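By letter and in written order, the chains are A, B, C and D; residue numbering begins at 1 in each of them.
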């Protein structure tokens, strides 16, 4: 059973698949030696190509229903692609809620569901064609991610901000109880960090030495009402997380090579008694020039002309859904 | 109209009352020049004497109803006495909910109501005899402080932890809107700081440059289930508050001279664009040897023998209620 | 006559925004707070006019409720603004202790209530807010039905002393309440007198109830139509009197049946005037993504559903 | 026969503590979390026996609910423990999204519910928790009446798949449920059959209802007595059948009347079987400090109050 059904993607890019030794190193979890893993690592260029397609998916999805959140989704696309196509040790074709022996990902800022849905579909969790149902009646691709409709890849609902870190910490502790050495990843918006529950969770993680978690904050400097600095300044984010007992890394989130380096580095810091936080600098709306660096496109869909303009800036690498 | 009806207390200690120039300096608030203030400053020894009496009140109150929280109350007695008998510019005999032109105090860790009730009564907010009604049916001295029964001196209910800082910040901002230069004080338990709402409020205060607030944390290192370090470590508290943009002071909370110095120093730091936090080290149960330094007496009342033992360690300076 | 002229169409939240601006002009003590949703709450006009009386709190709703409580202590009249779920469930204990139990003059103003916010889906579609707020002693709970009524309600609560929960929605809906219709907190608006069946509706369901009533009257069924804009304190008198006359009651609301207006009417009837009742509302289910119209249909909140409930309850009469 | 032998006296929270320990022994996936109230929740024995399966979260209830949701993802069965107000109102949105809507197998265990926690007063005396939890789709809500029933309920919910709210109290109360009485979630316990009046009680009020029923029976009034330990899903069948037989219903609970068991019974009756109803509960008021006994008396939750309600409702029968 392949951990990641991406051979066809590699083929698309005409690159020879390479075996990722690092993936094997995490497979010493007894119960899982059974499904030994052929993990296909992709080159940075391949990943960037996938990211182009994901960005096309995002703008097409929100345009089709005239609702949804393109800004944050576009900014976090490189992170999602790196995570799902390179970093995660996961099983897209045999989704199991408990995820024993798999790395887990939790999206706390649930409004950027478009990027997650696209990456989940493109990495094999469900048919790419289902992206066309986003936010439509009876869809499994609800406006905000949910387990309620049984969409593979989702392990908890989000949308109400500030809750995902706590959930991920529980999942990480369950892994420890189960003797599962996998890693739990989370993503948060920078505005989301204003929620008090985040700081409750931060304190909890350090106290319980939860060192199998790698959290990332999408530091795009924007939230709905404007720049974070003006709405509710986060001050010195590194100092805050360090004071709360986390190991803090920084990473440029819109440069695929940097993202890969940053996530790989963070991985090397797990198991050292401290939770890990990556402050990821991104540009909201990245990849579509008129959406970049402004909160205007936080939760607004492009009209037909804007869609055409956006698609003109993004190469179709894997075929539109 | 006297700002503080404490001449009789000073008399008790046979010390000549001194006029506090500092009190006048805060009285430039137009609407209040009317009630110009004869503020009586007391010596450190006088204040320590009052603290002895307050500690007697505390153990007697909780003993009488076999419920309530003596530990934190005893630890914070010196702070309360210093605040109400020396620092606050307030009107005990004309309680006004809005408190225009007065300094305000908010108790966020409402379970230590006994010390607050004693100090309120002893500084003239209501008859000392009413302390005997603590936690009894139909009392104004509810288990946790409330405005619901109209007790003078209380401006918001507390008891559910973590809410008081937010309320105080709103009151401080109202003062700014009203052109009232008075100061708002708050007290919090160290365990209480684990609540996320505290950190929401912390961020808000820094962002809005609320510099007319002086908060204090009772760092007694204890909470209900044991030492804070074991239950949920607060880590580096100074670093946390500094990272959240506050000016941080430290103060020994069971030394009256130090408390006076600490609060006076904090006052000198107001008006500089930053909220002020005092980390106050105390010993839980201070003043009653068998209650000291343990969480055991967080919320347990002494029996008859223990009461006698406790009272034997505390001088009756102002007359028991 | 059941002849309510539709004078336009607008969202109730815009009625709130207009009312807030007007309240701010009338009373300098009116202040506003928002948790990173200024545009959604239509608070822009107030912010522009009174920047120094506006407090941005970011995404920190619990803190917002506390700060609002504190502002009252300086004599201010704070209006908080965020979505309805973050105005209630996210901050219930804060409202309970720092506002309701403390008797603070805070106006909790909540947008995007119910299913009709549409595509965002269940995490945002609170259907329990009226129930939560109504259980709080001392809380006044208001759910107006159109732009004009929401604006009037906003002005009325600014003048009212005490904590208030004001609930409104996202989509444009018909405007049919006369702009000069007085808004009296706690007093039901008896929209039409009839003798065969009582229909009691609140919020977006009032217009659906009007449509249902028109259809029923066209069939010769006489409808007593009551607009309950104030759910707490409930106008029990109006309800019980009407039930006594018609002997059959329908309630209609954009809320869970458990804990909503229907449950409060059921209680009032059972105690004072046991009467057959049929309730229109969401039946113990979360919402989901879809257009407001699709969702109202799927979850049984259309005028057809009110009509059908009326027919059912009439059949229950002895 | 209304002959329930009192076999002792203990607090329901101790029944929870004993049940939790036992559940932990039976199933290694059972884990527990507590927010700085181990002793109050009687979780000490579990902690001692299974330290590695116990998670102290400090005073951070919102985080506790999230962590519990996350633990289920690794196949654990988490029991959270804190006071009832901090188990519900403080964390409603967290429960709603991360537990109820996400369908997580979390057991929310809540002590010190209602007035009977006594001296701590209103901020701690939640009277709205049952209403809040019952509005949540997919939530099971249980309010047992004595030590034995609470222990049995704790064991039952450990075996049940899905989110559960388990409510219990602080003071010692009579033990009268047989230790071997089976606990079936969702099934009312029909304690006594009668024909003149139905009394439906939950939690601490069940014993008060037994006393009231004894008094009524002594006067020749035949009482149908139903113990509703599971408030959601409500055993509507049992209630409607009983109401059809007696034609008069009384409900009794340590909760606000608005949103509580009484309101759910009123809804069920109005829709299925309109019947006169009298409700015993707290009437739109906060609690206060006092002994449990004083408070039950002052707020009208004594057996005398149940008795009087029965007399009133019988008088309402045509």
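The rule is short, and it goes like this: contacts are C-beta pairs under 8 Å (C-beta built on N, C-alpha and C of every residue); 3 or more make two chains touch, one makes a residue touch a chain.
A quick note: this is a predicted structure, and the numbers were derived from the prediction, not measured.
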| item | value |
| --- | --- |
| Mutual neighbours - chains that touch chain C and chain D alike | A, B |
| Euclidean distance of C-alpha centroids - chain A vs chain B, Å | 47 |
| Separation of mean Cα positions, chain C and chain B [Å, integer] | 41 |
| Whole-Å gap separating chain A and chain C, where each centre is the average of the chain's CA atoms | 38 |
| Residues of chain C engaged with two or more neighbouring chains | 57-58, 60, 62-63, 85-86, 90, 93, 96-97, 101, 122-123, 286 |
| Contacts with 2+ other chains: residues of chain B | 146, 148, 157-160, 194-197, 200, 203-204, 207, 232 |
| Topology of the chain contact graph, where touching chains are joined (line, ring, star, complete, other) | complete |
| In the complex with chain B, residue positions of chain A that touch it | 194-200, 203-204, 206-207, 232-236, 239-240, 242-245 |
| Chain A to chain C touching residues, read off their complex | 65, 67-68, 110, 135-139, 142-144, 146, 148-149, 157-162, 191-192, 194-196, 223-225, 231-232 |
| Contact set on chain B toward chain C in their complex | 97-100, 104, 146-148, 155-160, 163-175, 177-178, 180, 196-197, 200-201, 203-204, 207-208 |
| Residue ranges of chain D touching chain C (in the complex, touch as defined) | 85-86, 88-90, 92-93, 96-97, 101, 122-123, 127-128, 131-132, 134-137, 232, 256-259, 262-264, 266-267, 269-271, 274-279, 284-286, 316 |
| In the complex with chain A, residue positions of chain D that touch it | 31, 52-53, 55, 57-58, 60, 62-76, 78, 93-94, 96-98, 101-104 |
